């Protein structure tokens, strides 16, 4: 019967599917008399037994229906697809939410980390899986098979989580570059090479693994978290495979920077974010040097110039203020929830620390558009992950000494030495 | 942390484990304020949304803890072992039930049929798996490796369900014999053979697959049902592999017969269950032929004689009454829940029909002790499974014509022809 | 030591390699005294024992050296590469032949059919293998990954032989199209499609498997035959997988046709190969209708016209004479070695029969250049393969009735019905 | 046809098989005219080309026939079985030798080391392979599945070579114990244990790998050498898996000792092999102390006493003379072919050194019978293997200092310190 139901749904039009979802929400409710009795008993006396009885009575029959739909071959894939479809409709039909709650509950249970396989993806992987990487890469688009091959070269690594019930379907994957030193920009990592000997030599010499892209593949599993586990387990795998590797870091975008900055520069005290030397440099390059003018307007004018990032003088004038502003953006806690930037929140919450802010780390159009080309390294130090995570939970944002220096010194430091002992933590504002 | 927790539990003494279970039950409750609010909202207005809110609020934090314990390597195995241990303590400590409810809820979700692999077990299977078959076989004990080899010979099949998180651990397995005709007794199926040519010839000539043993392996998964799916899927596998096979039947024990009969024969109308000719035969063999005496006492006397089943005359005298009484036992519905015998209830509920009652089908001591040596065939006809199951749900017990004849004719039939058209159904009593 | 030797050879320049080959030829000879003695004993008395002694004494120590070079990981691949290199030098250095004889002897022994694995290649195959298909396809070039994907679609099949010592290295592969009816032209088979539903429907409906490309991958294994076994085993695989398939045929090039025809038309009786109606048609299209002129020159003139195959009138005028001439070319035995065309000799020698000659079956530039666009079907009828092969060994060329008709009737038949009973065989000329 | 031939041979009686072998020897000869011509050309002028021509002409058609017999599924197994059968007949029918020469030539080529897989055998291995270990173990019999399990416990290793054409058929296997210190006796290694924790602890603490049994499995591959490669590759595997292991040694039988000693003690100077103190000890235990008597007769008398090895005094009296005599036996080169003992010749030829002679290393009946219970350690030092092998080829037998001391000192040393610097080599006698 589950089989027949899946077959029918597969043939449904969009409006039939919606009708079916509504049908599931409105029926398959928990048995009212039983739930009422359990609720009343609990309200009268909130013992563990009564709580358990409420939980048992409150489970909607819908969950059992969904569990049965999962029993047939392909059932899991069909339910993931159903939730993907449901999510696109939830905005217009908020009353479908109970169905989403049930689906997410079951999917989170079924896609428990304990059931996932970490697998390395390389040129020995079936083409049917590889083409999914091309389709799902969400951070730095893969330009066809030749580009993919570069990303799977000997000095690269790619790992994905798979679930036994979705064979051949990556759930999430991460792309890693093995290099010497901390990567400051993504374009060199993506550049074609093709000299296998050189690639093998770099693999052997590498001291650093750069996680430069991490992509979720299944829209139907939104809200079921994998990324945290993936990065940590890949760090373990890489340490075991290549003991020379001593540093594990991301090279990450700052997707919310521009939006935040646009607002920040509208505030009354906007001019104060710029330092004297910075204003002078802006004046020299985009304004008349003698004119007083509005410093913020100068910065705006610079960033509106076409291809400003290709002009060395403009680049130099923008560098100091934008780098510092980005650092402020990333290290200002929002209540107890970490910084506003979602990528920063993800990595800092996982126990990484904010290691370095890279000026013009990504000059592709998306990088310029979102963050004026700035990219960031979040460093995963296996020894510190736990402590950093605890600090984050308590409201702190852990930064390297270099990052802290950026915030404090009146000018950008020329060298960015990062003595380990000097790592400091930004405490949340006292309020 | 989950890892550390598992390690600690692994070192616990029995009383530490109990203390830990109690700790889990008494803490990790659902948040009281939230659940209270949700319960009140639901009681005021039982909408789908409010029901969902109750369900969300009622989920104890314990479940999330157990889900996290599942995330580490070996976590699933440890939780299954924990529940096995918990179940042995539940009798003495019924207040641990909420923990069992949570564990069973999660395990049932994780061991959903959609996540199980059906695998054939044969002589190519790793020894580490095979030795588990020897350990777990619950119906007809496996006497070491030579006996095991016989059960995996070319004219035998064995299939098991596995779960990806418990590699090498069968969850349930079924043993099948490929033969010609319907098996009436189990000893010939278990007898050693060793002539591989003959075994291959029988495999090729077979028209019937006899499911002669089905064993659950994981005490910690009690109440999570697999057997139903296993039999049906093995039927599909066998049909695909060996198209000559036209009949799929069990050869099953009747574990509750003796217990039932002992009670039945104490009832005031006990003597009426025997027929005149049967009484005469009993009198001839165990009593003085001329004496009137109590017919039931005669039957008792026979069954108390040492090794009665080795004496042809006694066997013949017991045959008719016991076979008929067994049939009555198996075909008498208990309210709406099918017959009293658990094996009968399992197979009939799955959609099998009661095909044949085999006198002295198992003369091993357990067979004699439990059911006076009687075994039963439950037939799985792929075309009828669904209809039989529906009939069972409505309270009927589907039997072959031969079985019905046993109940109706005044004497046992000599031949047991089973014309398909004559299959009949015993309706439940009208009350 | 073998390992060190391989490493050294790997670093050799071309001239060092040649010197090494010469060294191998001039040294490592069989022991002269022993071989001399064995040869004399055999000449005196040619018994089986003496023959064996000659064979043992004549085996050069070089073979043992090569066997030891094979023992290390990667040894087989290195020897195959060595022979590929050697073969390119053999033209200039015929004295290296003894080394080639030894290498071929050993490789033929090691790559015995019994050691090869037939594997299906599809979209689940590792990319590292798939890219080799792109590189090695020798008949109809694969234009990148999208073209490859089409050739591995549900209504296509691809199989290759692999050797355990060369994992991931196909030795030879064949591409098959599953269609309805006998394919007459290759371009439709290569055309992109991309509608997976339609592809699956064609797969299920297909009655014919067309082998449209077969490519050897390893130049170092030249002279070690695989193709014969590959086709026959693929026929078996396909019959087992898709019982609807009733016809197995190639769609093959005629690589030697143009070369042969150029010579043939220079012979004194060249004009006689054309028939009256054909000459008239040629005159109408390429010459002045009233002019007498040389018929052969007319044909030449047509075939020299640019893009003649795109002009319907020219195509029609060329069709009858070229189709017939091609048939003559393919059915004229050369002494006892079958026809001159190597592809024809290969398939006819394998037991196929010449089934149909397809006018403009391949209008790619290579097809036009080699054979004026003609392609041919060789049909593998599992029931007839053995008999056809025997006939071929005795000098006959087995053709379908339609092909025979082409040779005999004064004009091309309009319909090409092929009644099975009418298959006839062209006997070799009696001389 | 090859298939049909194999089927026919499979049904042959013994005498039919012999007739078939004779038929193969007497027919399928090399072409006489061609071989004659090649032989004459070579005799006239023994160039590389002529030698190659002889080799090509001398290859009997029989080899090609055998190669074709290998092409079908199961062909290799059938040919290995054929040679096994042939070898048992060769004693009575020496004229079948040419067939054996051909089979061995082909099998040696096909079973080249480069084509073999080394696989670890453990409790995860299919039962079908494991039961072959039980069947084939030739040195220390495996007493059923429980004994086998002990040999595959965590502190044991077992490795075998497999060939792709004989899946599931080990060719040769070696059993290894991981222990601390050099094993002096085999019974402790074979003793049951069953405490998995203790086994794992020993595995982790081990500094020595003892190769205590090595068995060839395929009689049909006699004369095709694997053992040498197996030991060396297992040493590499173990070093990679367990870096703590620093010593790799056998614990080997001395199968020819008793036979040699029986002869040696018959020689006229027999009495001189015993030393004064030894004679005194023998006199004390087996003779009358005052009697002069024949010292050799005393030793004989001791060794004829029932269960002498269970009597501490007898054991002590026999220890010194037998240990020294065994050392003499193992270190006396026979011409250029190493010592007389086949096991010693094998290991010393592979580059091991004679490390220690163990008194009463094997008190099973076979050990007592063959070598008065003595076992020997041959040590494989990866750094020295090559040099030792070279020394052996030049006629030397490499021994530890302790072994040399045994030969030289007038009495047995009490402690057997083995300073590495003191390893010495016994040169062959100058003749």
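All chains are identified by letter, namely A, B, C and D, in their written order; residue positions are counted from 1 within each chain.
Note that contacts are C-beta pairs under 8 Å (C-beta built on N, C-alpha and C of every residue); 3 or more make two chains touch, one makes a residue touch a chain.
Quick caveat: nothing in here was measured; it's all calculated off a predicted structure.
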In the chain contact graph, what is the shortest path length, in steps, from chain A to chain D?
-> 2
So which chain is farthest from chain C, going by the mean of the CA atoms in each chain?
-> B
The distance between the C-alpha centres of chain A and chain B, rounded to whole Å, is 50
Round to the nearest whole Å and give the separation of the Cα centres of chain B and chain C.
-> 62
Please work out the Cα centroid separation of chain B and chain D, and write it as a whole number of Å.
-> 54
Provide the list of chain D residues touching at least two other chains, using ranges where the numbers run on.
-> none
Once you've mapped the touching chain pairs, tell me: line, ring, star, complete or other?
-> ring
Spell out all pairs of chains that touch, sorted by label.
-> A-B, A-C, B-D, C-D
In the complex, go through chain A and note every residue touching chain B.
-> 25-26, 29-30, 32, 35-36, 39-40, 42-43, 46, 48-49, 51-52, 54-56, 58-60, 67, 70-73, 75-76, 95, 97-98, 101-102, 106, 108-110, 112-115, 117, 164-165, 229
Per the touch rule, the chain B residues reaching chain D in their complex are 123-128, 130, 144-145, 149, 168
